[in-house]
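Look for subunit A in each of the two complexes below; its partner is subunit B in the first and subunit C in the second.
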Partner chain A sequence: MHPASKYVLLAVALLFPALASNEYQVYVMATAFVWAIAVYGFNVITGFCGQLNLAHGGFFAIGAYTVGLLTSDAGWNFWPAFIAALFMTAILGFLVGAVSLRLKEHYFAIFTLCVGFIIYLLLDKWEELTHGAVGVRNIAAPDGFGLVNFRETMPVYYLVLFFLVFIIWFTGRIQKSLVGRTFIAIRNGDELAESLGINLMKTKILAFVISTTYAGLAGALYAGMIRFVGPEDGNILLTFNMIMYMLVGGIGTLFGPLIGTVGIVWLTQSLQFLEEYRMIIFGPLLVLLVIFFPLGVCGSFLTWMHRKAQALGLGPKKAKSESKVTTSDQEAKNNA
Partner chain B sequence: MLKVEHLTKMFGGLAAVNDVSVDFGANQVNAIIGPNGAGKSTFFNLISGMYQPTSGRILLDDKDVTSMRCDDVARLGVGRTFQTTNLFETATVLDNLIVGYRLRTRSGLWDVLINSKRLQAEEKAAREKAREALDFVGLNHAENRYIADCTQEERKRVAFALALATDPKIVLLDEPAAGVNPEETEGLADLMRKMVKHGLTVCLIEHKMDMIMGIADKIMVLDHGEKIAEGTPQEVKNNPLVIEAYLGSDHDAAA
Partner chain C sequence: MTTFLQQVFNGLTLGSIYGLVALGLTLVYGILHIPNFAHGALYMVGAFMSYFFMVDMGVHYWIAMAGSAVVVAVLGIICERLVFHQLRNSPPIHDKIAAIGILLFLEAMVHMFWGSEFRRMSSPFGGVMNLDGVYLREQGILIIASTVVLVVALNLFLRKTMVGATIIAMAQNREGAFLVGIDANRVAMMTFAISGGLAAIAATLYAPLNLVYPAMGHLVIMKAFVIIILGGMGSIPGAIVGGMIIGFAEAFGGYYISTAYKDVIAFSLLVVILSIRPQGLFAKGAH
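On to the complex of A and B.
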């Protein structure tokens, strides 16, 4: 990917409300961005660090409920509640991570699946706190400033976009840094990482807390945008949706979560008319993708680009093309 | 350099390593051989801190490392390769090696957020260390190649480089020549000699006897978790216990 393509993407995102034919499309896009933020968190713990955390959707719901309950029941303003949601998901992430990360691989996945389900049950059954199945209404919208009113679709779109851009930037920084490389070493294998002097538990907990905080951030924005949350927002199925977004886009890549989430959300929208039958199209599509493009859209593209650059480097004018290869590799890496 | 005293590891009732004492000298090639299931890999896992021994002591340069965690042992200068090394297939060779130097760096998440001077300096150092290690194993031409596009022998060399990037004093190599052809095996043996020449201590587990006899300064033979022989290649080769362990005794043959 050319470095300029990042700015093209950003420009398209900034201009999207002007290009959209109606407000509903802007709203759908903003929702997709919120999910994308959560998927970025998923990508940190599962894509980079290799730990399949099936409670991820639960942390999204905790972020949403924290904002919901603090603004509607406790009468807080949105932004303090938003900060509280980040701390809440970070602290709970630390506690859950410290226990669940003692388990490895499938056992970790099964354990976190249970944690996710427990979160869902608490939201649904603990009526005194969460209002049970009725859900939380009258959630405050983000407080605006000047003429900006976040009750309207356009400002909310740009607010969500701002956080999404920040998350992508920060995740990119992590990925390129020694911290991200440490996560990836763990994905390659606990034993190897350990023999390289990496403290497994400390590193995994760090990745876990980053991911749950991202989920909490997404959930908090979701609550401020939809202004209603219910136990179904903690449904385990949402976690599996996020896995799908991540796999389609490209697990472990920087732009995979964005491409996967926005792509699938729009595909879902365009297949609305099929209602529940749309899974007949989705299912086989996903199977084909996993078989033929296990690296996802983004991963397959980057691999293809890299191989092309390498093949060029093996050509006759070796000395000259080699320097060219290194620069394009650098670019590929910057974008990966 | 590496001294092991009465080391025992029990798995339930089974002694995978049983009362093994050995002293591996610095700056030489030390080999551990033995039939399958003799406890060689377990022995490595005990030294590197992956397993805690049931009893006995492990001393590294006279420092007791017996109950240390694996990452702390690595920081003290024990590098290691595995029988199979899982690397990041769709990342370049160099990208896979940079993390090797991580244990000598201290940058955390905060450094990432503010892109601190420390992080920049450490990343530069890690990159240089990776290039140095790659140069050492003779793969600097493959720096930008994906691991997925590397041959088996190149992967072995990358695994060596990764261990070397941790700045070790001693490297434990678990069957480094498994699955490569005789010519490549000779190349890897040369690489081990080069490591020793540069002041490293090598410990390796290997089944390829030609290679072992050619490069080892000292050989320890394990069988059923017990040390049955130790000495120079010549001594070990002529030891009746070793021949029995590998070929079976007349008594076994008759039975």
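On to the complex of A and C.
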């Protein structure tokens, strides 16, 4: 992606509250950003590393519940609880990853589907800890240290935006690093990656822990923003939503999760009249996407740009670098 | 002793249902290597179709079951043609995502037509037999008997008929099957039809003991996945044995450990078993 476009995006995001016609729109945008952070995590494990982790929504819920229970029942401040949520999801991510990542492909997807469901059932049934179906109320809002009041929409918007920008920056760093390249090598083939000397298990667990920590971060922010969590926040459908966000935006791309999440959240907003029936549109949309546009908005755009560059710049000077790009086509797409 | 026997009967009933659902799932997996996440939605649609035929059309239970099996079998074929066939050369992650798309769509459709409330479906076999203190529900006996009949029939179909042999051949070796001129499309459609039909029959058998609602497939499909992993993905006897393991674990666990957590038992069992044996209990070699 063109370097300038990042700053344009950032500027639009910073000015959005001024451009929005009412506070509700800012609130919706902040929610979309929270989801986007979780989807970035999903993109690390599924988009980069190629492992479909269907427990991702469960880790989001664990992050949210950690903040919820620590602030409402244990009387903690928001920020310590926030840090605790990150550690909680990282540690649980490590434990779940260490067991589940020994499994490949379908086995991994099914296993994590079950893990996600166990998380949901525990949230719903373990009443002594989680309050069961009633959910957790009176969650503390993020502490502004007397400077800002995060109970209001605008400060929360900028808080979430700050974390989102940080996450995108951090993910970009991962993607460009050697670690990020080993993730992609694993996606392209377990055996091949192993023969290159990549420690499969260690690398996969690292990707998994990064992804669950992102989910925990998003969940913690969500709890501080909505200030109520219930078992439905651990519903497997949320993971399915995240798949859609990621797929629409472009799986394995840096800006795909952002574009997909914001796009679909606003589309959902404009389809409010459909309410629970919106899946009649989104279900087939998901199917059509994987059949016809598996690269998503970002991926398709990058491929198109790439083709254009190839068609234009076939001069003798460029030919060399161009041929290099085509051999590592997939990688080039992901780095862009 | 009577409570023990009672749990054996309950375990057999549950295990039969799970086995039937897992059977359809394992058939599709064995032949097309697709973990069909939409299978639970087919099960749910099967229950609603039977409900529709029985309550709205007023036909007899058996006819409703047959009608529902046909409708869901056709639905399975449509899914195969429109979705999975198009994705046959895509990376495996696409199949899974597309299956999730189908699941979301079918659930939303049913939700739109019938709403989300829980419905009760009656059956002509509502009685209870008392055998020395062990209560045998007629519907439970029907479930066990039907499962035995269906499994035997399916086995005869696969082993003794030419059409069934092509399915087995595809499961054993894809390239080999192509080489001897087996039409892959026909086998794929047939597999989806059998799988859908079995799901609909299982749903119709189980619905009178349970309730009919749009989310009814969630737990069942996840347990079916647990079963086929336990039994080895693609293995037909494995699906039945795995179904019985989960059925018994649930019946006994629900009674002796905790009713609230009985649904967790199946998944915990899977987590424990896969932690020790990542390839599943009965898996032979790589699948």
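Please note the rule applied: the second predicted complex is superposed on the first by the 311 of 336 C-alpha atoms of A that agree within 3 Å, B and C clash if a C-alpha of one lies under 4 Å from a C-alpha of the other, contacts with A are read in each partner's own complex, and residues count from 1 in each chain.
Criterion: a contact is a pair of C-beta atoms (placed from the backbone, for glycine too) under 8 Å apart; a residue touches a chain by one contact, two chains touch by 3 or more.
All values derive from a computational prediction rather than experimental measurement.
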(request) Kindly classify A:5 by the partners it touches after superposition: subunit B alone (first), subunit C alone (second), both, or neither? (result) neither
(request) For A:269, decide between first (touching subunit B), second (touching subunit C), both and neither. (result) neither
(message) Applying the document's definition of touch, where does A:303 land relative to subunit B and subunit C: first, second, both, or neither?
(response) first
(request) Determine, under the contact definition given at the top, whether A:138 touches first (subunit B), second (subunit C), both, or neither. (result) neither
(message) According to the stated criteria, A:177 is in contact with first (subunit B), second (subunit C), both, or neither; which is it?
(response) first
(message) Per the contact definition in the header, classify A:197: touching subunit B only (first), subunit C only (second), both, or neither.
(response) first
(message) Can you give me the overlap between the subunit B contact set and the subunit C contact set on subunit A?
(response) none
(message) With touch defined as at the start, can you tell me which subunit B residues reach subunit A in the complex?
(response) 48, 50, 69-72, 74-75, 79-80, 82, 85-88, 90-92, 95, 98-100, 102-103, 105, 107-109, 111-113, 115, 119, 122-123, 126, 144-146, 149, 162-163, 166
(message) Touching residues of subunit C toward subunit A in the complex: what are they?
(response) 29, 33, 35, 37, 82-83, 86-87, 90, 92-94, 96-98, 100-109, 111-112, 116, 218, 222, 225-226, 229, 233, 260-261, 263-264, 267-268, 270-271, 274-275, 278, 280
(message) Going by the contact rule set out above, which residues of subunit A touch subunit C in the complex?
(response) 46, 50, 52, 99-100, 102-103, 105-107, 109-111, 113-115, 117-118, 121-122, 125, 236-237, 240, 243, 247, 276-280, 282-287, 290-291, 294
(message) Which stretch or stretches of subunit A touch subunit B in the complex?
(response) 170, 173-174, 177-182, 184-185, 187-189, 191-192, 194-200, 206, 210, 295, 299, 302-303, 306-307, 310, 313, 325-326, 329, 333
